[in-house]
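Two complexes, one shared chain (chain A), two partners (chain B, chain C).
Presenting the complex of A and B:
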C-alpha cells in the first residue's frame, strides 16, 4: 500500500470507527468514504490509471471488510472506480480539456509539498463546483433521470485499459492531466451528489403525496422525514408512525414530524396490520437497496410491507442512489446485523439470560415484490428497474471488489 | 469573579494537553487458571479465539486512552512479544501508545501499583483495569463525572475524590459476577459516593453487614447494593499509586485499598462509583466467568465486540442464524450438527455425525466422527478423535483427545496434553503438561499436605497413550479463605458437588446455604430462618484472636530489641488500624506482656525498671476512666493467675498510680466494681490486699479536700 502517512492514519481511524460502530448511517459513511478516496487520488503516487484502480480496489476491499454490512462503502468505491474508467476513456477523445486544468505539468514528480498544494487547489475547485452544482441539480430533478454519458460495453472499455498499459511511457505522461479531472469528477458526481440527495428526493414529494392521504412509515429516516416535511408545506395529510421497537426510532420520527406541524399518530408495531386498512400509502426509508430490488431496512419494515401488500396499499421507498448496491442477497440474513439483545431483555435479568436465547436484529430484508416504487434523488423507478440504475452507476467489473 | 474564570481556563488548558493514560494489570496474582497460566499468561488466553488482552485494549481504545501501560509480572516476555507483533504496534501513525512495564517482583496488585509509583510513569488521572476486562462501555461519562468532582464549579465538588469505580448493574445471582468473590457496595444515591465496601464470600456465609454509624450522620440516604457486577474498571487520580507506596501493606485493590481509604479518618479521601446499566462490562477472573463471558460474547451482549468484528485482523468470521460464527475454510461434514451459539475457527474440520453446541472451537482443529461437544472451549490445533464426548471443559492448544474418551464437566486440559484412548476424566480434573511445582508460585505459606493430596488424586487414569500430569487445586494463599469459595468459582460448577468441602469450615448450615445459592426464590424465606448472629460473633472472635497473636509477637519483639516506647506504640497503632482492632484488645495483650517482663528472682527492683519504661506504653493505649478500670481488671486477673505473680500486684498498682497511668478515681471504681469481687478466690484475695492502698489513697484525698475547704 502506498498511501501517505496522514492518509493511512485517516483510513485506520475510519476503519476502527466502522468496526466499533461509532460511525453509523449510510450517509455519513458514504461521505467519509468519498472524501478518503478523493484524497487517495490526489495524494498518492500513481503513474497510470491501472495503478490507481488497483490502489482504490485494495483500499475498498479493506474498508468494506471492516464493516461488510455497511454497503455504502463498497458502493462509493465502485462509483469512484467507474469515474476513473470514464475519465480514462473520455481523455482519449478530449485531450484539450485536460491541458487547460493542469498547472503542475512542468513538475516531473509529485513531492509531498506539491501534493498538498494540489489538495488545496482541489478544495477550492470543489467549492466552486459545489456552488455550481446545486444549481445544476435543481434543474436535473425536473427532468427525471439525466442522460449519463453513454459507454461502449464494459468489457471493451477494460480492454482499452489493458491495451494502453502495454505502452506505459506515453500513457503515464498523460496521467498527470487525468488527476485533476478525476478529482473534479469525484467532487461533482459523488460528493456534490451526496450534498443534495435529501433535497433531490424531497422535491418529488408533491408528485407522490396528495391531500388528505393517510401515510404510514416506520423507523427514523432523514430522507423520509425531509420528504414528508416538504409535502406538508403544500398539502394537508396525516402520518401514522410505527414506534419501531426496541430502538423506538419511530417515536423520534413522530416527534420530528409533529414538530413541523404534520398530524402524527404513533402506534405500536403490533397494531400495524390492524391500522393498515386505513392507510393510503406506505413510505419507508432504506439502509441499502440490493441488486434484485429488495432492500435492507430498519427492523419491522418487512412486516409493514407485507401488511401493505395484503391490503394492496402502495409502498414507496425513499432512497438515495448511493444506497444502491450491485450485491445480490443470496441469503436474507446476509446483510443483517444482530445488535446487543440488551434492549429486548435487560442484561440484569441474570439467571434468565442464561436460559433464553434473545435475538435483536437491527435490519429487515424486504423482498422486491413488496415494493411498488423507489424514489431516488434523480427520479423514481420500480424494483424491476433497479438493475438498470445499478448498471448506470457501477461497472459490472467491480461488483466483487 | 475574574479569578475563577481564569482558573477555569487554566484548567481547561491542562485538560486538553493531558493524554488519557491507562494501566493494565496483566497478572492475576492467583492460580485460578492453573495449569493453563503456568505456560501462558492469563491475558493471552483466547476468549472466543481472540487473546483476552485484545478485548481490554479495544475497550480502552474505545474510551479514548492514548497511552497504555501494561504491567506484566509472570510471562512478561510473552506479553511483550505479543504486543509487539499485534496490530496495535504495527500502526505507523497510531494515536495509541502501548508500553509493557516489566515488574518481575510483584506479587499483588499493591506491589504493581507501588512499582508504577516508583517509576513515575503516571502523570494524570488514569484508568486502571485488569488484563481481563471485556466491555463495550464508553467511559467518557464516567471520566467526566470523575473530573467534574475536581472542578470547583460543578454540582458535587469533592476535591478529596481519588477514585471512581465503574460498576455494571446486574442482579445478585448474575452469571457474570465472580462467584465466590461477590461484594456489597454501600452507595449514597444522590452523589454516588461509595461509603462502605464489604466483600461477600458465600462461605462462610455472611449474615450481617457492619456499617459505621457515622455514615448515617453524613448521608441522608444510602443504598446497599448486592446486584453490581464489579469489572474492576477504576478511574484513579494521580495520588493512588503514591497512596499504595505509603501504605506498604495494602495488597488488594478492593479489600485493602477501598476499605482502607473508606475506613481511614486520617486519609480523608473519598471514593465514588459510576453505575452503568446500558453497556456490557465483565471480567474473567476464574473459569466460571470464562464460560459466562464467552457465552455473552457469542450471544452478542458485547456488541459491537463480537466475533465477526474480527478484533484480530487476520480473522474473518461470518455470522449466521442461531449465533453461529464460522471462519474461513471451515469444513463441516454433511451429517454433523452445529447447534446454537457456536464459533468455529478457520481451517477446522468436523467429522460425520458429530454434534457441537454452545462451544467455541479454535483454528485448525480436527474433530472426528461421532463426537459430542457441549459447552466446551477448544483452542487452536486441538485434535479430537472419534467417539469422544466433551462437556463444559477447556482444552488448550495442541492437546489430543484420543478415541472414546470422555471429559466430564469442568475439566481443564493444558497445552499439548494427550489423553486416552478410552478413559473417562472425572469432574473438575485439571491436567497440565508439566508436573505441578511443589511450591506454588504465589504460595508463601507452603501447605504441608501436598504429598497426600498428590497421592490422593493421581489415581486418575490418563489412558495408555496419555501424557500429562494431574494438578490439584491448592487454592489461594489467603489463609482465611474457605476452599469452597474457589470451588464455586470453577467452570461448570454444580452446587450438588459441594459436599466435597462440607467437612471443612462450619458445618452449621451448609445444606441451607446450598439451597440459598442454587435457588434464588428460596432466598427471602431462608434469610429469616438462618439468621445466626452467634456465627458471625465466632468469626469476629477468630479475627480478634489473630490480631492479639500478632500484637503479642510485635510487643515481644519490642522487648527483645529494646525498642523505644514511641516506636512500639507506633507499631501497635499500625497493627490495630490494619486489623480494625479495639484498644480493649490491645490492653488485653500488652498489660500481661509487660508484667511478664518482670524478673521474678528480684521482683521489686525489676518491676520498677520495667514499669518505668513500659508503663507509659499502657498510658498511650488508655484513654479515660473506663479504660483505666479495664487496665486494673486485666492486671488483677493476670496477677491472680499465677502464684508467683501475686506479690507483683500491689507494686504494679502503686507504680501505675505514680506514673499517672491510672488515677485515683479509676482505682476506687475498680475496687468498688462488682467485677473485681467476682473473678475467683485468688483475684479477690488480691483485691483485699489492695484495701490498704485504697485506704491510704482515701485518706490522702480527704486531706486534699480538707485543704481545699480551708
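Presenting the complex of A and C:
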C-alpha cells in the first residue's frame, strides 16, 4: 500500500487542496482523481487484482475523506474499480476459454462468452444485458442436460436485474496483460470521456429547446452554458438568469451568455416566483446526482425547481454521468457544506454578527419529484431511471469504499 | 395663403435637412406645421429658440407681422437648430428635444457624454439616439411598467410645491423611507401640513381650491416613485373627504374646513394604522407559543412589533430572518430583534429550504391585499410562502384593513414597480480588480438587469390573515373591504 514518493506528494497536495476547497467543481476534481488513479495503477507494484483493488480502495477512502461533499472523487474511484473488475473478468474469461472446457464454469460459460464478445463495445453494459437475455434463452434449450444447478432457471431472469458475476470471479488470479489494459481503459473510459462530456450534452440541446422560448437558469454551470450556446446557434430564444446570491455566479453566467449573443435578463433570486409565469423551461446544472434521482446543486436550485413545479414548468438537469453517485440521501444535510458567513452578513456589520446565527450553505438538495429529465452525455433519463445508470457504471460492493 | 406657403416651405426645408427615414420626414413635417400654428395662435415663448435680434426680446412677433426677409431668417435659423439637434443625437422636434434635455440632465452620464460630441454625421446620430433609448434597460415583456425614475430637482416647475413634499419625494426616491406603513403615514402627515399651511387665493374658497392645490403635489410624488397600492387608497379616501367638505351645506368657512380635514387625516392615521397595528399585535399573539421557531421575510413594521411584544410578554421563541438582495431590509429587522434579546438566525432567500426544517410558523407582512385574496408584497414573499406551504407550515400575513384594495392581479408582472437596475451590480470598492462581470452591463447589447420590487402571492399559499378586525382567511378580503368602506362612509356622514 506504499505509494512512490512522487505519487505520495501528488496525492498529499491534492488532498490538501480538497480540504481547503482550493479545487472546487466536479469536473476539475474528477479529472485530477482519474489522473492520480491511473498513476497509481501504473507505478505501484501489484501482483494480482485483489491487491490493486485494495490499494485503490484505500486511496479512494483517503481522498473522499478529505472532502466528503465532493462526491465526484468517490464516483471516479468506483468507476476505476469497476473497470478493474471488468478487465480482470475479461482476462480470466479469455484464459478460461483457452485453458479449460466449459463444463466447470457452465454457469459463467454462456454469460462470460457474451461478456468477452462485448468487451470492446462502448455501451457494453447495456448490450451485455440484452445479449445475455437472448443467449440465455438460446442456451436454455441446448443445455437442458442434468448437471446444471437448479438455480439456472431463476438466475436467467435474475441476471437481468442484478450484476451477479462478481461472486464467481476470482480476482487473485495472476495475469500480466491486465496492467496495460486497465490503464488503457482508464484513459479511454474516464479521462477521454471527461473531455467529451460537454459536447455530448450540448448536442442534445436542439431536441429540447424550441424557437422563441424563455429559459430560466440559476448559478454558473459550464454544462448549461455549453448547452444553451449550442442551441443559440440555430434557435432564437431568451434566457432569464437568477443571480444566485451570495456568490453571484448567476451574473457571470449572464455575462457569458450575453457575450455569445443570447438575450439575457438577470433577476434577483427573490424574483424567481414572480417571473416564473413567463418561463417555458428551467435548465439547471448539478453538482452531483444521488441514487434516488435527487440532486445536489447550487443553493437556490430547490427554490427554482419548486416554483417551476407550481407553474407546471418542466425542469431539465444537464449533468454528466461522472456526477452520478450511488449514495442515498438519508440525511440531506450530509451533502451540504456551509461556507463563510461573511458573504451573507459581512464582518463590517460589527457586533451584529456575534449576536445572530448566520448560515451560508453552498449547496441545495433538490428532491427527485421536482426534476423532469436528466440530460447526460449518453442521452437522457428521467429520475426514475437513475438507479439503472448507477448499476451500469458502478459495482454494488463499492458503494462503501 | 402666406401661412400655408410658409409651412410648406418650412417642411420642405425640414425634410431636406434631415436625410432620415420617411417616418422621420413625416414627423418633421408634422411637428414643424404644429410649431407654425402654435406660433401663429399664441404669443407664448417657444423653448430653445433665442431672440431674433428683435428689439422686444420678451414677446415674439407673430409671423404675419414679420417681413419676408425676417421670416426666411427665422426659417434658416430653425433648420440650423434642427441639424444641431440631430447631430447631438436628440430627436429632431424642438419640444421632444427639450423634454429629453430635462431627462438627460439626471439620466446616465454615458448618454450625456455622447450628446456633447456633435461631430457625428446626422444618420449615425439618429441611430445612436434610437440605441440609447433601447439601452435604458428595457426588458421587453415589462415595457408596460414605468421605467425607474429619478427625482427632477432641477426643473423649475417644482418651485410651486410645498418644500415638505419635495423633501418627502427625495426620501422616497432614495429609498431612505421604505415600507408601506411608513410611506403612507409620512405622506398623509405631509398633506396635513400642506393643508394647514395653505392659503387659498382670494377668489376661491378653501374647500374648492384645496383639491386643485393638492393635485400637483400628488403628481410630483408619483413622478419620483410609483405610489404604493395603499397610498393610492389613502389618496382616494382623502379626495372623498375633500369632496364631502365641498358638498357641505351650508358651506364651511375656510378655517373650519381646514381644521376638519386635518382632523380627519389624523383620525385616519390613528384609527387605521396606529391603533390597527396594536390590535393586530394583540390578535397575532394568540398564535405564538413557547418553543416556536418563527420565520419572517424582509422587514415589516407590524411583524416587528408583534415579535417584540411577544418577547416582552415572556414567550420563548426563535426567529429566522430571511433576507434578499439588493435591499437587505431584513438586516434592519435583525438588528432590532437582536437588541431586544431575541435568538435570531439570518440567511439569504436562496438557502431557505435549509432552514425550513426547523420552522414552525411563518409570519409575513403585506403591502396590500388584493380582491382575490392574493397578497401583494415585497418580492420574494411568494417564494417564502410557497416553500412553507409545501412543507405544511402555516403562513400568517399581518395586514391592516386600509391596505385592502379593490383590484385584482393574477400574476406579478401585470402591475409592479421596477427599481434601479444598477442596484444589482455589486460594487466592491475596496478591491483593485473590482470589475464584477456586470460592471459595464449597459455596453452589452443583449444583457438586461431587472430589479422588481413587488410580487403577488396566490391565496393558496396563505393560511390566514391577521387584521385589526380579527383573524380572517385571505379570501374574505373583498368582504372586509366592502364592509369597511360602507361603514366608514356612514360613520363620517353621521358626524
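A few comments on the model shown:
Keep in mind that, in the parts below, the second predicted complex is superposed on the first by the 320 of 401 C-alpha atoms of A that agree within 3 Å, B and C clash if a C-alpha of one lies under 4 Å from a C-alpha of the other, contacts with A are read in each partner's own complex, and residues count from 1 in each chain.
One rule holds for everything that comes next: a contact is a pair of C-beta atoms (placed from the backbone, for glycine too) under 8 Å apart; a residue touches a chain by one contact, two chains touch by 3 or more.
Fair warning: this is a prediction, and the values are worked out from it, not measured in the lab.
Of the two partner chains placed by the overlay, only chain B lies in contact with A:19; chain C stays clear of it. Among chain B and chain C, the chain that touches a larger number of residues in chain A is C.
Shared-chain residue A:264: touches chain C; no touch with chain B. When the shared chain is aligned, chain B and chain C each come close enough to touch A:358.
Residue contacts after overlaying the shared chain place A:291 against neither chain B nor chain C. By the touch criterion defined above, A:349 lies against chain B and chain C together after alignment on the C-alpha atoms of chain A.
Using the contact criterion defined above for the overlaid structures, shared-chain residue A:244 touches chain C, although it does not reach chain B.
Touch criterion met: A:9 reaches chain B, while chain C stays clear of it. By the touch criterion defined above, A:273 lies against chain C but remains apart from chain B after alignment on the C-alpha atoms of chain A. Taken together, the two complexes place residues 333, 349, 357-358, 360 of chain A in contact with chain B and also with chain C.
Every residue of chain A that touches chain B in the complex is listed here, in rising order: 5-6, 8-9, 12-13, 16, 19-22, 65, 331, 333, 338-342, 346-351, 353-354, 357-358, 360. Remark: chain A residues 243-246, 248, 251-252, 254-259, 261-275, 277-278, 299-300, 302-303, 306-307, 310, 333, 336, 344-345, 349, 352, 355-361, 364-365 touch chain C in the complex. Interface of chain C with chain A (complex): residues 139, 141, 321, 324-326, 331, 334-335, 338, 343-355, 378-380, 382-383, 386-387, 390, 411-413, 416, 424-426, 436-438, 441, 444-452, 455-456. Chain contact summary for the complex, chain B toward chain A: residues 58, 61-62, 91-95, 136, 168-177, 227, 277-278, 280, 292, 295, 299-304, 309-310, 316, 319-323, 340-341, 520.
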